[in-house]
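One structure below.
Chain naming follows the written order as A, B, C and D, and within any one chain the residues start at number 1.
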Amino acid sequence: MRPEELDRTDPEGAIAAAAARVSNWGRWGEDDVLGTMNFLDDETRRAAAGLVRTGRSFSLSQSFDMDGPQRGWRRRTNPVHTMLDTGTDAVAGIQGFPHGLGGADDVIAMPLQCSTQWDGLGHIFDHGHAWNGRPADRVVTSEGDRITGIETAADVICGRGVLLDVGRVIGESGELPDGFAITEAHLAQTVAAQGSTSEIRRGDIVVVRTGQLSRARRDGWGEYAGGPAPGLSFTTADWLHDTEIAAIATDTWGFEVRPNEFDVAFQPLHQVAIPNIGLFIGEMWDPDALAAACHDDGHYDFFLTAAPIRITGAVGSPVNPVAVR
Amino acid sequence: MRPEELDRTDPEGAIAAAAARVSNWGRWGEDDVLGTMNFLDDETRRAAAGLVRTGRSFSLSQSFDMDGPQRGWRRRTNPVHTMLDTGTDAVAGIQGFPHGLGGADDVIAMPLQCSTQWDGLGHIFDHGHAWNGRPADRVVTSEGDRITGIETAADVICGRGVLLDVGRVIGESGELPDGFAITEAHLAQTVAAQGSTSEIRRGDIVVVRTGQLSRARRDGWGEYAGGPAPGLSFTTADWLHDTEIAAIATDTWGFEVRPNEFDVAFQPLHQVAIPNIGLFIGEMWDPDALAAACHDDGHYDFFLTAAPIRITGAVGSPVNPVAVR
Amino acid sequence: MRPEELDRTDPEGAIAAAAARVSNWGRWGEDDVLGTMNFLDDETRRAAAGLVRTGRSFSLSQSFDMDGPQRGWRRRTNPVHTMLDTGTDAVAGIQGFPHGLGGADDVIAMPLQCSTQWDGLGHIFDHGHAWNGRPADRVVTSEGDRITGIETAADVICGRGVLLDVGRVIGESGELPDGFAITEAHLAQTVAAQGSTSEIRRGDIVVVRTGQLSRARRDGWGEYAGGPAPGLSFTTADWLHDTEIAAIATDTWGFEVRPNEFDVAFQPLHQVAIPNIGLFIGEMWDPDALAAACHDDGHYDFFLTAAPIRITGAVGSPVNPVAVR
Amino acid sequence: MRPEELDRTDPEGAIAAAAARVSNWGRWGEDDVLGTMNFLDDETRRAAAGLVRTGRSFSLSQSFDMDGPQRGWRRRTNPVHTMLDTGTDAVAGIQGFPHGLGGADDVIAMPLQCSTQWDGLGHIFDHGHAWNGRPADRVVTSEGDRITGIETAADVICGRGVLLDVGRVIGESGELPDGFAITEAHLAQTVAAQGSTSEIRRGDIVVVRTGQLSRARRDGWGEYAGGPAPGLSFTTADWLHDTEIAAIATDTWGFEVRPNEFDVAFQPLHQVAIPNIGLFIGEMWDPDALAAACHDDGHYDFFLTAAPIRITGAVGSPVNPVAVR
C-alpha cells in the first residue's frame, strides 16, 4: 500500500482492508499460538549461527529503572525495584545468618511493557478477535492469556537478526524526527544503502533503528511515553506480512509512527499486525551500540536471541535481546 | 578438597580456608564488576556458535506463576501477575479505544529470585565483603547494587553451555535424592560417562541437572523452597575455581546441597563462590527437555544465551536461558 | 430460615429463594452505591458517640505481614512490605541528604483482602448482577469498580458497633470449632447471654467473634486461608436483612461457615448478602482484646470507626477498625 | 523562635539548637514507641467523644489512584491498583464458581506515603538517631522498623481533632501561596479568628489547612510532589513541642514549607519533629469538606479517628481519617 492512498478519515476501513489482505488466520492450523514465529524454524536458526564472526555480543535492552520513559499512562509506571536485604544491613550485623554470611535480595513491581519488551499475541485485538480469529474474551481474562501467553514462545525467539538503521540512512545525524512515518520505500532504501547483509528473509527478526532513543538519551524523555515518535507507517502492513519475517522491533515506545496517520486513531498498525498477521512486535529496544558496530564493518545481520521471561499468561514480556556477530 | 576432610563443626574455618585458596580478588583489576564472566570472551563465544548443528532451541526456564516453589521465606513469594486490560473488557466494549481496537496489558510483582534466575555478584557477602573485596555496605544499599548490579552483565552471558546430567549418570531413574552432595568426583564421573562433548573448558556455562525438578514436577513442591535438595558439595569450591568456568546453574532452589554439609550453616558454598570467586550462579533452571535431547544424540555442549533482564542495581535477575544445538 | 430447611443439593435454588426474600434492590433508588450503609445515618452516629464511657480504644485489626493466613489461593498472597530507604543506609551515610537528615521509606504490594478488610459492594455478583441489580460487567472491569468502588464509602463507616462473642457464649474455651455454622438462634442466644447492650439495632456494625483467630494465633494458620472455619450459616440471610444492620464482620477469612452448607458450593451467603442485600462484610478482624474488655464490664456496644482506605475503584479495602468504649 | 532569627546559611546549627530545646527523649521511658501519642490518653479521648453534635462524618482522605501527586521521586509512584477478578470475567463465564456466583478481587502496589498518610516515628533520623535516641540502624533495616513500626500506634490515634484553616484566615480566597511559611503567629491568628473551639490542648490532633490541595484540585498537580507548597515554618518547632499536641497533619505533600527556609536543606522541621519531639505528622490529608462545615457553624473541633493500617514494621501508613462532628 502506498502512503498517499491512506484515507486519514477512515482508519476502520483501512484496517479492515489491510487485515483482509494480510491475515494469517488458519495458516498454521486452528490451534496455532506462535503466529509468525512459525517462520523461524530450526534450519533458519542453524544458518543464523553461521553469522557469528567475531563473537562479540551486544545487549539490545534499555534499562529497567525509575529513569525510564513511563509517565503513568493506563497505569504503566516505570519499574519499582526494592531490596529485601542489603549490604548495609549485612554490615550492621542484623541479618542473623551464621559463619559471616551476608546477603542481598530484591523484588520488582513493574508493567511487563515498561521497558524493552515483546508484545505477545494476546496484547491487541481487532473487533474483539485475538490472533487466529479467537474471541478475545476466551483468550485474555483477569487470569491472563490462557492460550497465547508469552510462555508459548519461550523456546523459539532466536535466529537471524537484521538491523535496518533507518535513522542513519534516512535521518539527519542518525535520527528521524518525531512523527516520521517509515514506509516500505524507506525500508527498501535502507536495505539498499546497507548492502546485501541486510536483505530481509523469511524468519528474520528485524530491528529498526529510528534514532529516537539516541535523542531521548541526550535530551531526556520529557512527557513520553506515548508521545510523538518516528515509527513504522500503517502502510507497511503488507511488507510486514509479505516478507514473512518472524518479528520486528524498534527503539521507540510504540513501534508505529506517533501520532498515528489517521485523524482519530490509536495504534492502527498494531491492530493489523498482532491479531491478523500474528506478528511479534518488540518495543523500546536499544540498538545503538550494535548499530555502531554494524556501521563499522558493514555487516548488518547477526545471531539474535531475544527470549521472553516465561511468565505464564503474560501478554508481553521484558526481554534482554542479545545479538552476537 | 575431599569431602572426608570437611569438619562439620567449623563452617567458618572451612569457608575461610576455601576462600583463601580460590579468591579471585584483584585478578581483573580493582574496578572489576564481571568476575568469572571475564573468562567468557569473544573468541569463546565465537567458537561456541559452531556448536549449533540442528538449530533446535530449548528454553531452560521454569514458569513464572503462582504454582512456583516459593513459600514466603524471607518475603520471597511466587510472582503475582495481574492484568491492566483484558480481552473480556475489550469484548465488553469498555476500553474506549477507537476503530475496533482492543488491548490487554499486564503487570508483575515478584522477587527477582522467585524462579529461573541468576544470582548477581552483589547477592552474597563474606564477612561484610562483596565481590573483589569491596565493603558490602558500599555496594548494596536500599537503592540496589550500585557497582555490580546485574545490568553490568547484560551483554556477556552467551557462549558455550555444557550439560552435566549428574542425575542421570549417578542417580536412580535420573534423579539424585534430596540431601545428595555432588562432589568433584561425581562431576568427573559424569563427564567421563557423557563423553568428550562435556569436557569443561575455560569460559563455559555449566548446567548441572540433579533431577530434583523432575521429581517436584511429578510430586509437587510441598514446603520447598529452601528445603532438602541435592546440590553441589561445599568441597567443589576448588573445582569451581580451577576450571575457570564463567558460570554454573542447577535445577534446584539453592545450587548447593540442602541441608548444607555443616552442623549449623546456611549456603556456605555461596559465601565462597560469589564474593570470593566472583562466580555467577544460576538457580531453578529447567534442563529436562535439553537433557533428553543431549542424551539422544550424545552431544552435551551447545550455544547458550542466558541474558539477565537489565534491571539497574539488581542483585539477581529472572532469565530465560536458551540453548541452541 | 431454619437450618433444617436447607436442601444441601440445591444451593442455586436456596440462593434464589433467599435473594427473593431479602433483596434491597431499588430500596434507596437506582443510583444507590451505599447499600446497607444507608441505615447508618447521622443520628445513629451521634447516638453512638454517647457509648464512649472510658475513652479506651481498641484496634480490631490483624497484622499485615508475611505471617498472615494467605497461601496463594487465587493469587492472594500475604503482603510484601519492602523498604525504599532504611536506617542502616542512613547510618552508612549513603543517602545524600543535607544537615544530618536521614530517612526511611517503604512500599507495599498486597491483595486488598489479604488481612483485616471490608468487602466492597462490587466484590460479589449473583448471576452476573452486582449490587442494586446492575450488570456486573458494567460495574467492575480491569479498571476497577467504576460505580461502587470502596471510595464511595470513605466517609460513612463509623457508628455503633456491637460485639457478639458467639465463641464465648456458645463455644468451648471461647472458641467455636471449624465448620460450626452460626444460626439465628445462636445469635439470639448470644445477645441474650450478653445482655441489653448487645441488642441489635438498625444501622449497627456487628462484630461476630467465633474464636477461630484465637486458635490460629495459638496453633498457627496451617494451610488456611479458605479452609474450614466457623462462620455464619447460610440461613442467617434473613436475619442479616431484617435487622437492618449496616455491616457485619467476623474474625475469620470468609465470614460464612467453611466448608459451606451445600454439597457443592462456594460462599453462597456472600452471593445473597453482597449483591442482593447490599451488605458490607468485614473479614479477618481481630476482636479478641475488645472482647476481653466487653466481658469484663458487660458492655458490648461501642463507638466504632472502620474507614476503608480510599482506593478508587477497589472492591475491597484494608481497614484498621477502632472501637472506643 | 521568631522567623527573623533564622540563619538561612546554617540549617545544621538551627536544627541542633531546636532539637536541644524540644527533645522529648526519655520523657516516657527508654522503651517508649509512641512519642507524642502518649499525650492522647483515654480521658482525652472520652472527652472528645462529647464533641459529636450532629453525627455527620467526613473523610479527610485524598484518593489513592494514578491521578495522585507522585512523580517518581525516590521511587514514590502513585498507587497501582489492579484486578485479580472482574465483573467482565464473571459475565464472560470464565471464573469457574458454582451456583451463579461471580467475584471481583484486587491488589495494590504502592508506596506507603503515596497519598493520605501518617509518618511513623521511624521515618526520619537526626544524625543517625531515631526517636528516643535510638541508633537508626538498630531501628529500621530492610526488614522494616523493628521497634517503632506503625503497628505500635494501631490503637491510639483517635481523639480530639482541631482544624486550623490557615488558608481561609490568612490566605486569599482560602489559599496560601506556594512557599508561604506558616509561623506561630499565623497559627495564633487563626485560632483567634476561628474562636474558642479551635483552642489547642494537650493530646490534640491538629489539622492545618493551607488550601494548596484546593488549588491542585483546580489546576492539577503539575510536577508536584515535592515542589513548592505552603507549610509549617521551621520556627514552629517550639510550638509543636510546647503545645503537647499528639499529632499534626496538613493538606500538602511535605507538611513543612517548600522550598525550605534555608539555602540548602531538606525537610529540616521533620528532622526536629519526628526523631526529637516524637511527633506524628500527617501529610496529604483533605480537609476541604470538613473546613466548609466548620466554617458554616463555627465549630472547629471534632472527634477524629485516624487509624493507620497495621503494617508490621512500616515507617508510614495510608490512612483514612474520619472526623465526626
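One rule holds for everything that comes next: a residue touches a chain if its C-beta (ideal position, glycine included) is under 8 Å from a C-beta of that chain, and two chains touch if they have at least 3 such contacts.
All figures in this text were calculated on a predicted structure; none of them were measured in a lab.
J.: Same or different: do the copies subunit A and subunit B touch each other through matching residue numbers, with over half of them shared?
T.: same
J.: What rotation angle, rounded to the nearest 5 degrees, superposes the C-alpha atoms of subunit A onto those of its identical copy subunit C?
T.: The two chains, subunit A and subunit C, differ by a rotation of 180 degrees.
J.: How far is the middle of subunit B from the middle of subunit D, if each middle is the mean of its Cα atoms, in Å?
T.: Using C-alpha averages as centres, the distance is 45 Å.
J.: How many angstrom lie between the CA centroids of subunit A and subunit B, rounded to a whole number?
T.: Using C-alpha averages as centres, the distance is 27 Å.
J.: By the touch rule stated above, which residues of subunit A touch at least two different other chains?
T.: Correct list: 75, 80-86, 88-89, 91-92, 94, 107, 109, 137-138, 141-143.
J.: For a test of understanding, state which residues of subunit C touch subunit D in their complex under the given definition.
T.: Per the stated touch rule, the residues are 11-12, 15, 41-50, 52-59, 61-65, 67, 74-76, 79, 81-88, 90-92, 97-113, 115-116, 122-128, 130, 135-145, 151, 154-158, 262, 264-268, 270-271, 303, 305, 307-316, 318-322, 324.
J.: For subunit C, which residues count as touching subunit A in their complex?
T.: It is residues 80, 82-84, 86, 88-89, 91-92, 94, 107, 109, 142 of subunit C that touch subunit A.
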